[in-house]
Structure formats: structure tokens, C-alpha cells
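Every chain is named by a letter (A, B and C) in the order it is written, and numbering of its residues begins at 1.
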Amino acid sequence: MEVLATTDSPLDSLADHEALRESNWEARIIPTFRPDPVVDPEFEGFAENITALVELTGEDTSWAGYLSALRKTRIRFRALGCTATDHGHPTARTANLPPAEAAELFRRVLTGNADAQQQELFRAQMLTEMARMSLDDGLVMQIHPGSARNHNRKLYERYGRDVGADIPMPTNYVDALRPLLDQFGNERELTIILFTLDESTYSRELAPLAGHYPCLRLGPPWWFHDSPEGMMRFRERVTETAGFYNTVGFNDDTRAFLSIPGRHDAARRMDCAYLGKLVAEHRLEEEEALEVAKDLAYTLVKKAYRL
Amino acid sequence: MEVLATTDSPLDSLADHEALRESNWEARIIPTFRPDPVVDPEFEGFAENITALVELTGEDTSWAGYLSALRKTRIRFRALGCTATDHGHPTARTANLPPAEAAELFRRVLTGNADAQQQELFRAQMLTEMARMSLDDGLVMQIHPGSARNHNRKLYERYGRDVGADIPMPTNYVDALRPLLDQFGNERELTIILFTLDESTYSRELAPLAGHYPCLRLGPPWWFHDSPEGMMRFRERVTETAGFYNTVGFNDDTRAFLSIPGRHDAARRMDCAYLGKLVAEHRLEEEEALEVAKDLAYTLVKKAYRL
Amino acid sequence: MEVLATTDSPLDSLADHEALRESNWEARIIPTFRPDPVVDPEFEGFAENITALVELTGEDTSWAGYLSALRKTRIRFRALGCTATDHGHPTARTANLPPAEAAELFRRVLTGNADAQQQELFRAQMLTEMARMSLDDGLVMQIHPGSARNHNRKLYERYGRDVGADIPMPTNYVDALRPLLDQFGNERELTIILFTLDESTYSRELAPLAGHYPCLRLGPPWWFHDSPEGMMRFRERVTETAGFYNTVGFNDDTRAFLSIPGRHDAARRMDCAYLGKLVAEHRLEEEEALEVAKDLAYTLVKKAYRL
């Protein structure tokens, strides 16, 4: 294992990452910038989080100060090896408001006066802001939408958020991503990795989008779908439109550290099973398959995440 | 064949079932409680049906009297061997209104003053009422949503309803079931079996829901999908998330009695083909597959339907 | 190759087709009536196109004159061998307005006073008008919905429409086609061939609809899906409900002439692979498979397109 990435709040001091660096341990363990606590108005303590963020960075709670605080925090993450951001919004919706409207919307969400639609619009705007910052600082964006969080009410009331009762939802990408893509879709220096929990979007929306837009890549089968059948469906449905080289190899996203080698092993086996089928059916030369196999297992992920 | 279940209106006298019982015939033929004629305001003769129902049970047409009439009728069905209810609503929508609002809504649908949205809300509320009654009397709920009924207008005008022109619709479960699950999702004594005509929900919504909520089980591939490819898709898409033991074996739902053995034979063959593939790929031991094969063909259905 | 069909605007003089006819070349190259420029209010130059159409045909810009101009143009196309029409609307929506409402709607779209909903309603109405004309003149209808056109804004601003940035969208058929099917669904003399870019509709909507309505047929896997895996998914998902004989063989829809033999070869191979699987699993006799193979490759397309 060459690299392990954690996901961290912009409010995290990253002291552990600093300690790791100073320990001269050879392991490469890097942070990932996960701004949900300060860009999602529905996140618990959203306003307090923003107050803390701007204080940490010497900014104020104006729209400009908030954006500047995010930019500075991203630079702090980069200094400790961070190469990517991660965004877990309910939908893939993006927006591209004029600055004055965005500032006014920020004021509303910050003062708790935004309704559900305005909160969603703010998250949408922030994806576009994050893309704009990524163009500047080179961080790779990951979008993980489509989960109905905390679906089990009684579990939520008793144990709080993020205890497992998350259920996939139908997810739209073709309309949702349009405002962001209108602005940055053709930028070759930008990398946005899209994940889905809605497999019906693989061949209908995601592969065509990733096949077209230079900035888009497809993340591996995620969560409920990082299983043998799920991995095979992913390759069967996206390869003919998006190819192999608009995908980014396998990465998992788990708190179960001990499962990581097994998951990667499964991914390598299923990718090789898919390649083997193409070779057996004379749709790919064996020599090409060997090259692709290595790229899927190793090269693509290093390149996509700029490691 | 050990058991055959019919589906019957709450207005049915079940005289045939009584006669069967008294005949000492060894066949086990049992009724299923199918309340659509008295819970779906769009059902022909809905108000007259309710009048008949409350008269049969010595109740009145108040909300409390109506619920009591349903409870008494379920007990009458149970006495003749009934173990399950069946609900064929257009959608899987559920609701959990405060009693006063539910009573007012009942008054509106009964007097024919409800619009389409209120009729849908009433059906939604009744699924939750049925779940509440199931917790008391132990009847297993089956929900069969997602069919656009009587799609062929000319056929409908000439021959009436239910003559075959039913077409599947996109169906949502993740939001639709939430009010019912908020109330009863964690009840281990309750069994709700979900069917679908929208295969895109297998891996996206149904398997994750059934994998999480103790009360939920997945019914077998239904109607247009109880065919070899359809059966294989079902296992491939739900097993990795929901497992085998949140499914309920095969049952068909047909007026074509002579097709029943053939359908069950096809289901057994396809389930065994899926198990055989898992064994061949070393994802399951042969010994385990033999055990699962028997459970899919026999044990699970007896357990799920409390036979 | 026996026949090659072009798609042509109603404003096209078809001079090339006339020249081909007069040249005594044995090739059968025929036009297809593609009325988008004069039935889609969002088409560039829509009003001017209609003015040109009515002038060409000696009609006026009343609703009756417009319909008559379309009828006459279809006859002009037929005279040069045309057997089919082609409709590339954003959705499959149809409508069946009373004539006075349709006339008023036409006036609004023609004068540029229609909003987006009214423009969509007009396209919907025109699909039903086209079906009505097809019943008279025998032209086979093809509906190709579900593409979000010109998705890449910068590409569109620089190079204009139809330069490749089209992305599939979720597409509904079960509700969308109902108004047209209410009117003409049971007509055996009418043939409407449905295409999709949303594979989730294969087993959920399209196969059940084509299995039921005498006028409906399923077009082959289209565009992003006319690839080996896509072709196999098509057969696996539609055959058990719609059968083989509600499909129309393979046709492609490409400006890349040199790819045509390869695409047809791929389609024949994948159809035969599917048939071979059915034979190997004893679900079809080899003799039947050979007959079906020929029909899928040759007979069905000739019959469906009345060639």
C-alpha cells in the first residue's frame, strides 16, 4: 500500500497529519478536504462551523471572507499532502449564480433564514465554487451524491447521524451538473470524479458525460455496489461509451480498515474477469488487456488523484 | 403442492373457503385479505363497498367504525387460514397522519369530495393502518405497486377494468415508504414483502431497504419479470446487499392455474443456476449452495408467509 | 446492401433523390421524412421554415393549411420511395387536443408567443397528427426521444447545434405516449417504432407497451447503446416480454457511412450470440434459432419499414 487518504473537516487542525510527517514514518498518509460541515446548511452547527472557520483563517463572515477562508484552508491541506476534495451532497445539483446573488444567498443560509430549496441551491453554488478553486490549486474534486441519509428515524433519534441507515435515491446528473459544466466542463486542468448509487445512470448519463467532457472521470462502483456483480455491471455499462481511461481505478471509502486489501483484491479480480471476457470474445488483444489491467489496478488511480 | 392462497375482497363471504374446510379435503387452500375495494377511493363502488363492509361487521361509517370493521374482517379471514394481506396500489406511498386528519380525510373520500391527491393520500394512510393491524393480528403484508392499470383506453371502455393492459411505471420506494417505516420499520414482529415492476429499484432502493429494516423482505421477480432473465437479474442485483434470507422464495400471482408448476420449476432452476455460478466462481461452497437452494425453494416461503 | 435511407427536411427539394432515380443506378436510396424543422418550435428558424413550407405547397399559415402542407410534402416524399418518418423530440410526450385548441396553440408557437411548456405541448400534439397522417399514407413512424441536445454550452456557442455534445436523459413512455395510444394504439395498419437512450425503460415500459399495443415496435439499441454489451442487454431485457417479432431488426443512424457494415455485422453477431445462449440453455430449438436469426438480420427490418 503506497498511499492512504483520510477525509477531514476544514475545521480539523490536521495535527495527526503533522505528527505523521514529523515522525519520518515512510507511510504516505494524506488528508482529503471534505467541506460538508461548512458548505452544507443542513449540517449540524453549520453557522458555528463557519464562524470557527473564518476565525481560524483570519477572515470575516462576508461572502468574500468565507470564500477566502476556504481557499486558505485548502492551501493548508495541500501543504500536508492533500490532493483531493470530497463532497457528499444529497444531489449532484450545481449552480452558477451571479456573485451578488450568491452573497445574498450566503447571508440567508448563515442567518438560518433559508428554506430547503435555498439550502439546496447554496450547496449547488458551492460545488461550482469548489471547482473554481480546484482550477487554481489543483485539488481533484470527488462528488458522492444520491444517498438519503439517516433514513431510519428511530435510529437517528437515539444514536444521531451517520450510523448506517443510508439508502440510495434516484439521482440526476445530466441537468444537475449543467451549470458547473457550462462554466468549467472543457477545462483540461480540472478533474472531477463522479460517483453514483443509482446504477441506472451508468450507461444513461455518467458514461456519456465522462466520454464527452474533458474534466469528468468516473469513480469506481461505490458503497452498495463495490461487490463482484456490482463491479462487473459498472464495467459492462460504462466501458463502451466512456472507455477505460475515463475511469480512475478502484478506491474504497470505508472506516473498516481491515477490509481494504480484500476490497482492492476483489476489484482487481473483477476488472481482470471483465478483461478476460473481452479477450476470450476477441474484442481485445491479450497484450492490450495486460496493459489495461495494470492501469486499472495502479496507474489510473495515481494519475487521477495526482499522487 | 402444500398450500394454495386465493386473494379475496373483504366483502367476500368466503363461503367457498368454509365449504373447503368442512369437506375434510386435505388440500390447504387459504384466503388472502385484499382490501383494495374498501381502501382505494378510485375503486368502482368504493362508498357502497364501505357501507356493505360496516353493515356486515355491525359498525358505522365513522373513521373508528371503518377501522374496526377492517379489523373484524381480518379476524374472519384469519379464522379460515389467512396469513397475509395484499395491496395493489398505484404507488408505494405511505402516510402517517394524526388521527383527526385521517378521520377528516376518510370523510372526504367517503363522500366523494376528495381530489386525486387526497385519494392517493388516503391509500397511503391505509398502508400504515394495515401495518398497524398486522402488528396486532400477525398477518403478513404484501405491497404490489407500480402498475399503470387499464392503459388501453378502448379496451377499457369496451371490456372494463383488469383485462390485461397494465404497464409498469417508474416506482419510488425510498421516500414513499418512509412514513410507514418511521413508525414501524424496526418492528421484528412485522413482515412487509415488497414487490416491484421497476427493476431499476432492485439494487438502488429495495435491496438496501430490505438489508436495513427488520420488517422488510423482498418478494420474487413479479409479473413481467418472472422469467428466466428476469429471475437472474433479481438475484444478481439484490443478493450482494440484501442477502438470500431477506427474500421470500418464489410465489406467483396468476389466474393461470396450469402455469403454476412450470413457473415454480423455472424459479427453482434459475435460483440454482445463480447458486451454481457462485459455486463455480468460488464465491460460495457447494454445501452452502445446497442448503440455500432448499431454503429458496421451500423454507423461506413457509417462514415468510407464516405457513 | 439493398437499401439506404437518408433523413431529410420537409423543405428539402429532394433533387438529389430525383437525380438518383433518373440515373438508373440500381442502388435503392430513399428519403425519410424528418419534420423537426417545421414541427419543433425551438428549432432555429421555425416560423420561417413554416412560411417556406406553406409557400412550397400552395397553402397558408392557418392550422388547416399547415397540416395540409405537411400531408402534401409527405406525398412528395413517398413518390421518391420514402417509407418512414423520423421524430427527434426531447421527450416522447404526445397530446390529443381538440382541433380548436390545437389551432390556437399553433398560432401561438408560430407568432413566437409560446412558453417552453406550450412548445413542448405543440411537439406532443404533432406526434399525434403525424400518427393520424401515417394511418392515411402508410409511412412508418420512428420516435427517437430522450437526448439533451447541445449539452456543452461553449461548444454550442462556438460551433452551433448538433456537433456531438448530446447526453441521454431519463425518459418516460408509459404516460407520455398515452394520448396518442388512446387514439391510435390498437390500429393494426399503423407502425410506430420506439427508440430509447434510457435502458431502464427496456423491461419496465417499452417491452410491456410493445407487447400490448398492435401499432408499437421496438427499434434496435440506439446510439450510445449500439455496442456489443448494449445489444445483449437489449435482447435480454425485452425478449421475454415483447418477443422477437415486435422488434425491427438492426438499423443504425449515422453520418459515418464507412461504419455501417461493421455495425450491422456486430448486431448480427450479438443477436446470434443471444440466440446461441438460448439454444445452449435449451430455451430455444436450434432450428428455431436459425429462423429467428435470419428474421432479425433481414426479414423483420424489411417488413417493419415496408421496404
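Assume contacts are C-beta pairs under 8 Å (C-beta built on N, C-alpha and C of every residue); 3 or more make two chains touch, one makes a residue touch a chain.
What you see is a predicted model, and the numbers here were worked out from it, not measured in a lab.
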Numbering shared by both copies at the chain C-chain B contact, with half separating same from different: different
Cα superposition angle of chain A on its copy chain B, in degrees to the nearest 5: 120
Distance from the mean Cα position of chain C to that of chain B, given in whole angstrom: 39
Sequence positions of chain C contacting 2 or more other chains: 200
Chain C contact footprint on chain B (complex, rising order): 148, 151-155, 164-170, 197-200, 224-225, 227-230
Chain C contact footprint on chain A (complex, rising order): 172, 174-175, 178, 181-182, 185-186, 200, 203-205, 207-209, 212-213, 236-237, 239-241, 281, 283
